[in-house]
Amino acid sequence: MLAFELVAQGLIQGSIYALVALGLTLVYGLLRILHVAHAALFTLGGYVGVLVCNASGSLALGLIIAAMVAGLGGVIMFRLAYQPLLRQPPYVALIASIGLFIASEEAFRIIFGAQGMSFTNPALQQQVAILGGLQFKLAELLVMLSTAVIIGVLAWLQARTRVGIACQATVSDPQMAESFGISLRRVRDINFFVGSALAGFAGVWVALLNNLVEPTMGSVPSYKALAIIVLGGLGSVPGTLAAALLLGVIESFGTIYLGALLDRNAIAFAFLIAVLMVRPQGLFARR
Amino acid sequence: MNYEISLLTTMAIAVTFALSLNLITGFCGQISLGHATFQGVGAYAAAMLGQAGWPFLATLPVSMILAGLLGAIVGLASLRVRADFLAITTMGVGFLFVGIVRQQDALGGELGISSIPDHGLGRVGFMVLALIVCAAVAALSVYIKRSWMGRVFNGIAEDEDTMRVLGIDVPRYKLAAFAMGTALAGLSGAFYAYHLNFIGAESFGFVESITVLSMVVFGGIGSVPGVIIAAALLSVLPAWFQVIGDYKLLVYGGLLFLMMRFSPGGMTGLVNRFARPKTSAQGNQS
Amino acid sequence: MSKPLDGATLLKVDHVTVRFGGLTAVDDVSFEVHEGDLLGLIGPNGAGKTTMMRSIIGVVQPTEGSVSLDGESLNGLPVHKRIQRGMSLSQQLVKPLRDISIAENVAMAAASDKTISPLRALLNVSTDKELAIAQNELARVGIASMAAQSPGIQPLGVLKRLELARALALKPRLLLLDEPLAGLNSQEAHALATTIAEINKQGLTIVLIEHNLGEVMRICHRLVVLDNGKKIGDGDPRTVMTDPIVRAAYLGGDTVSAAVVHSDMENQHA
Amino acid sequence: MKSHSRRISLVAMAAAVMAFSTTPTWAQLKLGFNVPLTGFAAADGKSALEGAKLAVEQANAKGGVAGQKIELVVYDDQATPKEAVPSATKMIEKDQVVAAVSGSYSGSTRAAASIFQRAQVPYVVAYAIHPDITLAGDYMFRVSAMGEVQGRGGAKLVQNLGKKNVVLVTLKNDFGQALAAGFKEAAPKLGINIINEYEYGMPDRQFGPLVSKIKSDNPDVIYASGYFFTAGPLVSQLRAAGVTAPIIGQEGYDSEKFIEIAGPASEGTYVTTSLDRDSDAPATKAFLADYRKATNSGADMVAAASFTATAVAIEGLKKSGGKGGAALRDAIAAGSYDMPIGKLAFNDLHEVKKDIQVQIVKDKAFRRHSVISDPVLLAPPSKAK
């Protein structure tokens, strides 16, 4: 019984990690940039979601607007910060991104106050029992459901539609893709938009589950998502999804049974380093 | 006067720490996002030995050796990993260090170590020693840069494969850079412990690793004078301007971003650009 | 070109096979390179020439068989160990170190005794000896005048010669040249080929991988032909090129005969 | 209810700017104050600053000390030792503060304590509970109950509630570990059985696995340490998973934000703290009213403790006629104070012996539940030990 619950809790946490890490993988797969500031969009999404939901009373509206605002934020960040740095060595974009992230955390504190914000009446809090005995908040189930739906749609888009194929082509060989008339800028904008919107969307869910959004909410996801995209094999969407869910479950068991040895966040990195020593190209990457 | 002495000591320790990272990231091109770990190893080693009765000066070599040893091990691990994974692996080492240290009661666990004995050199004496060590590390950096080791490091930073084809044992050089850089970080850690006489796991976390990395990058990656100036300035900036103090993180993050956005070569890059207006062939890309 | 007297075997490629996940790039190839040889390793695109060269230099470990230098097997040795044993490589895609000048590039190679270990490198600062060697090697390949300049602004021809000078500065016993003439116009290719022949005459054993058959026929003593990973020809240029199998490998005989005809005329002049 | 948090941040911004700009030229008496304004502890820092400023404003309104107004010299220490040491040195050297107050966490306060002790500047600590602070020397004072003492109080509350099997959830920092140590020390004596203890980190908000394990342990009561930003999510997730056992928290829960975050799940949560909202003590009632008037929000334990620590320092200054050093130290040590968090008197280790107020959350507010005043069990450590 307990084992089932731990796995279920792991999957819930894994779904959130997946939403955040997916955006990072899309960006990394395309531009080889470690976009640490991605987590700032996660926090931005949280704040926008809470504000819109409290004002309009509808969580759905909050989620949609939060995703849009975060998506836009991502594109702006790409145009202003990363576009000009594409030709520089990788550490330049990495450190610019870290600077942006640190500044954004402080900006949230100054704009929205240090105390953080909550939903006036948090939705989806009612308890649901499934599979006989496993009890969850409705919100927790919907997190898993919406993640699965989004990833399914994303996978379908990537495989079936023109835009999707264009994105994949650009990831594998930008010059080749460009020679086929694919506008690199448009593909990069789309990827940044989708990736950031996912992070904003995840931000609202975490705000709902905790009923709290705070300026430093993005710090843990910012580095954990990096570990996940490395585990998943940089740039591989299925790999990242699998790595995120696996990490969620491992952390779930780890906090209970390894608690005395390692704190929760260190578990993710212990797992990462162990995997990298065995498979330097990451857990699920093909090569 | 004590305030200025304390600031100068803090500055000297920060410069030594930044120079130690400059050896790894600046000279040899290996990005480390977990360098504070090695300062932590040095600090904990010095603090524990100090509490066990060792005189301060005696703890210095031990701190260096322990930190250098761990650095070599991490260096070995880093050889197996692809370039862009290296940064994340070193970050992982940083979180592992904090995660493990805060669980060990022998290392003071969450509460850290506070009763670090006095170094017995007096405030001024300690400051002078810190400045001497800082100058020595700077001199060592300049020497290395001019020696064949420095030239090989430079080559590795630019193109590892070509250096291999020129018969250079690239892994051994990377290990040497890691070992030297982490040993010097351990040294600065010992000074840090005795200067602050309180250390906890959080004092050597991810933020500290980013802080020292940005000092190196600010100064101009690989340039010894640039790193010295940047480390000196950034280590005491918040203490000087109290107003910045409160919005410090905003100013800090903003500066970091703007510097990378407009002058990836750091201050040295800026100086070069204005000192020699005709852009030389390499520009400041290198 | 007359062949020098038969020297001792320097490099021995013994039944080497290289497989990449189901694809056999090199299939059971054996040949020897003797002291003083200038051996051409040729074959149509995708014949396995580059993979062969990579397994000699150590970038790729052969799935079966062995490569040995002076009778000692190199299997398992990393690239830098093979270089230290007296082998050196001039890469197809020229990769000069752009931070430093042309002379300093060559000096880096010349300092191999000092840079053998990090500690030794730390204890050595002076570059006079190495710069002198560099000047000499640059003169040998004819670009001594550009010694102080930065590689970034040089034409391809100069960079190819820099690559060669750098390889020579390692004082190798066996020089591997990976398509040195690629990308050069015919005058430059001819001039560089002549320089290579000259260096070989000075006693350096060379293995040349090259598509420019005209120059290959002109300067090589012996040819080894690969096709689809298999060795289909090994011997002096004339007989190898008239061998029907080799001709067929090059998509019908005409391209080859033109090259053969061209080089015959060449010989009458030389 | 919602928009006031926006107003708080505006007010806080104005207050912060005001704190720096109001440097009336004739103020000689400087009172140092280290507090976390940025970083993870910024929320508590804001309340602490409000409490301290209120105490200073009230004192200045009554003519300050010995004819001089008091100026609060505020430094942001981000609740880390790395920032606290330079701030403390600066307060002593540059600002020549006559006394200092800590509105920060244990890590930073411990690092600053040894510096103030060496400089013989009296340092009154509001809510940092680590034992080493008062052990640093005789210039150190603490106005709130130590971690171990509160932990023992928590065990007593479990006994009062007639519960037996307890699960401990301990926040992995000095606050959490001191509470757990006190609880585990008292539990056997009070016939309480600790089934299990789990630890979690400061940044954790998702407690799924922990909640599932607690549910399978099925304890009578849960003793969980944390701050409102960790306890809020923990309590709501415990209730969501169907855990009905009562939850006992401590000072860290004591903020309206806890009720706001946990929502309906917070009903019935016990909190051992020092601020009794339904207190009939005049000092407490006045403070609650003044605080709401000054900041338009409910006071919490951190604000009450910072107000108390500042007020204690100021009353000491009144007695010593504005002089610092040993005179001020002895004046503070000798005094007895009627403060919002109770009547205080310092023992020889400058710790306070006072009762523990037990509050319970009832229809979205902290209400009085009971008082634990067991002089033996709650006795703070003293030098004699």
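Just so it is clear, A, B, C and D label the chains in written order, and each chain counts residues from 1 on its own.
Throughout what follows, a contact is a pair of C-beta atoms (placed from the backbone, for glycine too) under 8 Å apart; a residue touches a chain by one contact, two chains touch by 3 or more.
Everything numeric here is computed off the predicted structure, so don't read it as measured data.
Asks: Considering only chains other than subunit B, in their present positions, which groups are joined through touching?
Replies: Result with subunit B masked: A, D | C.
Asks: So which chains count as neighbours of both subunit A and subunit D?
Replies: Common contact partners of subunit A and subunit D, which must touch each of the two, are B.
Asks: Can you name the chain whose C-alpha mean lies closest to the mean of all the C-alpha atoms?
Replies: Looking at where each chain's C-alpha mean falls, the closest to the middle is B.
Asks: Measuring between Cα centroids, what's the chain most distant from subunit C?
Replies: D
Asks: More contacting C-beta pairs: A-B or B-C?
Replies: Pair with the higher count of C-beta contacts: A-B.
Asks: Could you tell me the distance, in whole angstrom, between the mean C-alpha positions of subunit A and subunit C?
Replies: The computed centroid separation for subunit A versus subunit C comes out at 50 Å.
Asks: Quick one: report the Å distance separating subunit B from subunit C, using the average Cα coordinate of each chain.
Replies: It comes to 43 Å between the two C-alpha centres.
Asks: Need the CA-centroid distance for the pair subunit A / subunit B, whole Å please.
Replies: 31
Asks: Taking each chain's centre as the mean of its CA atoms, how far is subunit C from subunit D in angstrom?
Replies: Subunit C and subunit D have C-alpha centres separated by 76 Å.
Asks: Of all residues in subunit B, which are in touch with two or more distinct other chains?
Replies: In subunit B, residues 102, 247, 249 touch at least two other chains, as defined above.
Asks: Give me the residues of subunit A that touch two or more other chains.
Replies: Those would be 106, 110, 260, 263, 265.
Asks: Using the touch rule from the top of the page, what residues of subunit C touch 2 or more other chains?
Replies: none
Asks: Which chains touch, pair by pair?
Replies: Chain pairs that touch: A-B, A-D, B-C, B-D.
Asks: Under the touch definition given earlier, write down the residues of subunit C that touch subunit B in their complex.
Replies: 57, 78-80, 83-84, 88-89, 91, 95, 97-100, 104, 108-109, 111-112, 114-125, 127, 150, 152-153, 166, 170
Asks: Can you tell me which positions in subunit B touch subunit D when the two form their complex?
Replies: 1-3, 6-7, 10, 102, 109-112, 114-115, 196-200, 202-203, 208, 238-239, 242-243, 245-249
Asks: Where on subunit A is subunit D touching in the complex?
Replies: Within the complex, subunit A contacts subunit D at residues 1-2, 5-6, 8-10, 12-13, 16, 54, 106, 109-118, 120-122, 125, 127, 135-137, 140, 206, 209-212, 214-217, 219-220, 251-253, 255-256, 259-260, 263-265.
Asks: Under the definition above, what is the set of subunit A residues touching subunit B in their complex?
Replies: 32, 34, 81, 84-85, 87-96, 98-107, 110, 223, 226-227, 230, 234, 260-263, 265-270, 272-273, 276-277, 280-282
Asks: Spell out the part of subunit D that touches subunit A in their complex, as residue ranges.
Replies: Its residues touching subunit A are 1-2, 5-6, 8-9, 12-13, 37-40, 42-43, 45-46, 172, 198-201, 203-206, 208-213, 215-216, 229, 232-233, 236-237, 240-242, 257, 260-263.
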